[in-house]
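Chain nomenclature is as follows: A, B and C, assigned in order of appearance, with residue numbering initiated at 1 for each chain independently.
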């Protein structure tokens, strides 16, 4: 497997050869920033287009097919439309917080986005408490939603925001629990290390067998809820709250919420790929040497994206199949089912690891 | 719903959810129902019972059949037909009503077909032209008789219409 | 066949009504129709029916006082009377004594005059108002003091400290321009106050100036998802008054059309129900099959939604030769697809959780509130007009009245699902046996009904739809009243939704399946 750190190290030494260290790091930071924003935009476009097409296919429709070939330019047209729209200022709303709320959402998704290990040796933020950091920064998004609902001074957003507060805080627990299960298995909180172990010893979902599969399913459910996507899209629940917490937003401010939603979806899928499906590690079958060799020729980031988008497709499939839960059912699902099960699951995983029952 | 314990509940729930997922993925690979208008304009076939817009058929000599009797105007529940007529004297000295302008307000029409059934001479009918959108409401007021058109000569002598008796039974 | 109506003095009305309810079990108030008899005065016609014995009784009461017409309320006897009396108050200005809620129902609160009175000139004092519509938080109750003078007291609907959310008039889930003011306590609904009239067109008033054939064009536009059945009711009512017999062929066609229309309506119901509970994919499943039905409608009657098909003494066109084949194909296709609807939505655990035990209405409640149709039958009330007062061919075909007793959203949902199958069953019995014959009975071109009162009800897709005509022997009716099937459904929303969650409000509303133009008329 190609180690991307060779490229980064070479680039770093190239820069330090002609300039002082601080300037080199500054330039590198700038390049990383460009890279992350560019990737963010590309992924958002791909995901929005993908969602619209996939949703349409589930619904016996064709989906966007007017703007560009197969409707490929639809998202650009949408963004352009959103940019030209007026950002509405409401009387009596808390303007400062109201304008700030979408940026909280963006901040949260950018920071979590930075944790993802794209390839071997290619991760933006990679340190020994990566998982902890990931869970911490993903919580910032809740602030954005709460602020959006609160500052709009309108009843629908308010109800949506309060719902999301209850929902996201609850489901953070399950996410934490499932990640803890994986940490038990891998013994590290560093994402690159987790993936490296999977490349060496097999994907977590296979290596950890029963408890890992349970954790994976719980992660999918909780992750879906974290992204505010159906069947857990209660904060926006368009059938009762019209658009939930972002009812009063227009133009690009709404666009930021929209972007963040799709990026959160991708991050959810990418994280599932990283901690359960082996991240950039290719698929290996012991004994099939030729097959394994061909697999290892495929670059790691392609493996990573394939896995991430596979999970994203699963999430879309779930979203476009199920009806929405009610707020009390949502909370009882978390507190009566997911929480106890994932706690037991940690115990199970601990036993599995302790007695060396991993595959 | 029968009572289930905790584990049974989870299993039952998972089963129903999987059935749902199976159904939706089956549809995912099925034929899409979308009709692609306007690409399919040529293949759009409407039965001749569709009522989209009222028209007054003219023959190749630019002649219509309307005798301006006003029955359709009376039958219309929405006042969307307005007939202007004048009295002219024919060659044999009889006075005769003649159509000047047949105005039809498409924007007000309820497409109830009462005017067509009221017409004793089959002078008006609904056509199957459905692309009637315009930018100005005034353009929806259509004049149905073509410019310069005249009343078609009947093969048999025209009897002075007695509207109520000739009215067709079919409403 | 005019209605037999007993006249009764206002003073004795309340006691007599109570007697009818208690002794003759007249527990279903079918209609409460305001009337303006000119010189004789203003009055009300009550149509009652017993849900047990099927007996009917019609009463009327009138008062000559046009300045301050007062009639005692019956809203303490039947819950539905409250909303009906508000309608009469709105149109005729009759004050119902001791009705706790005497506000206008459809018109703006600052409307001047009472438009259905024969001497009212609504245009004169009601210009197009560009200001916001006032919505009072209080309501008036009129009562007689002991010395016989009229007095009023105020009741509070919403206190200033209540958290009131406006659901509608523009809201994705009210299926049109319904406006509900909802008092919330957190996520829990404490009170619902429907504000109606956003699509009020005054069809009853308009009809008074139209001839009978012209009136028909209006019925399709009431409950547009039951267009066929509504017009069927109107035609039957007029035919009944004219004593016109239609041929078996017409009866067959009309019955088949009614049932196809019912299927189409229930398919849309399913779509809306799933959409309102967030399952957007299932929405398209029934639309796919409904498209086949629309195609049949379009080919045969020239309309997909508003068909204008039934006419007085017949139907507009004969069915096409291909009709039977098309319908059979549709029936097969729908039966094949039917399990998909249940698989993706109805049996789904989330949907079950959303529906079971939610929005329960008891049998007494549905009867007292006049909730007919599948919604009423979900609470165990045998109210199918097709069985109660058979018309067309319903006494000859074999079908079951779908009854459930739970009274919750799930029961209402399943009732509609089963009715689709039952309607298919009816259609399949009839489709191969359509007899030859005229599709339009010969009749005089100008229709004048004999003097009298006529009423005809049909089972529309969502309950009893009735047409009441009072004729004075002219070309136009003296008074037309439609028994809306949606108005009682909206009236029952408050009872069904109290102490449920806010999201349930939407699900319950969807399961009630009201169509707004039919409520507002």
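Going forward, a residue touches a chain if its C-beta (ideal position, glycine included) is under 8 Å from a C-beta of that chain, and two chains touch if they have at least 3 such contacts.
Keep in mind that what you see is a predicted model, and the values were worked out from it rather than measured.
Engineer: Any idea whether A-C or A-B has more C-beta pairs in contact?
Structural biologist: Counting C-beta pairs in contact, A-C comes out ahead.
Engineer: Determine, using the mean of C-alpha atoms as each chain's centre, which chain is farthest from chain B.
Structural biologist: If we average the C-alpha coordinates per chain, A ends up farthest from chain B.
Engineer: Could you please state the distance in Å, as a whole number, between where the Cα atoms of chain B are centred and where those of chain C are centred?
Structural biologist: Going by mean C-alpha positions, chain B sits 28 Å from chain C.
Engineer: Determine the centre-to-centre distance between chain A and chain C, using the mean Cα coordinates as centres, and give it in whole Å.
Structural biologist: That gives a centre separation of 49 Å.
Engineer: Go ahead and note the Å separation of the Cα centroids belonging to chain A and chain B.
Structural biologist: Between these chains, centre-to-centre, one finds 54 Å.
Engineer: Send over the residues of chain A in touch with two or more other chains.
Structural biologist: 58-61, 320-322
Engineer: At least two other chains touched by the same residue of chain B: list those residues.
Structural biologist: Counting only residues that touch two or more other chains, chain B contributes 17, 20, 23-24, 27, 33.
Engineer: At which residue positions does chain C touch at least two other chains?
Structural biologist: 281, 284-285, 288, 344-345, 348, 350
Engineer: Which part of chain B faces chain A closely enough to touch in the complex?
Structural biologist: For chain B paired with chain A, touching residues are 10, 17, 20-21, 23-25, 27-28, 30-34, 36.
Engineer: Please name which positions on chain A make contact with chain B in the complex.
Structural biologist: 54, 56-62, 65, 317-318, 320-322, 337
Engineer: In their shared complex, at which residues does chain A touch chain C?
Structural biologist: The contact residues of chain A facing chain C are 55, 58-61, 155-156, 159, 163, 230-231, 233-234, 237-240, 242, 320-329.
Engineer: So in the complex, the part of chain B that touches chain C is made up of which residues?
Structural biologist: Going by the criterion above, the answer is residues 1, 12-13, 16-17, 19-20, 22-24, 27, 33, 46-47, 49-51, 75-78, 110-114, 126, 164, 167, 169-171.
Engineer: Spell out the part of chain C that touches chain B in their complex, as residue ranges.
Structural biologist: Those residues of chain C that touch chain B are 210, 213-218, 221, 281, 284-285, 288, 291, 298-303, 306, 308, 311-314, 316-317, 320, 340, 343-345, 347-350, 352, 356, 440, 442-443, 445-446.
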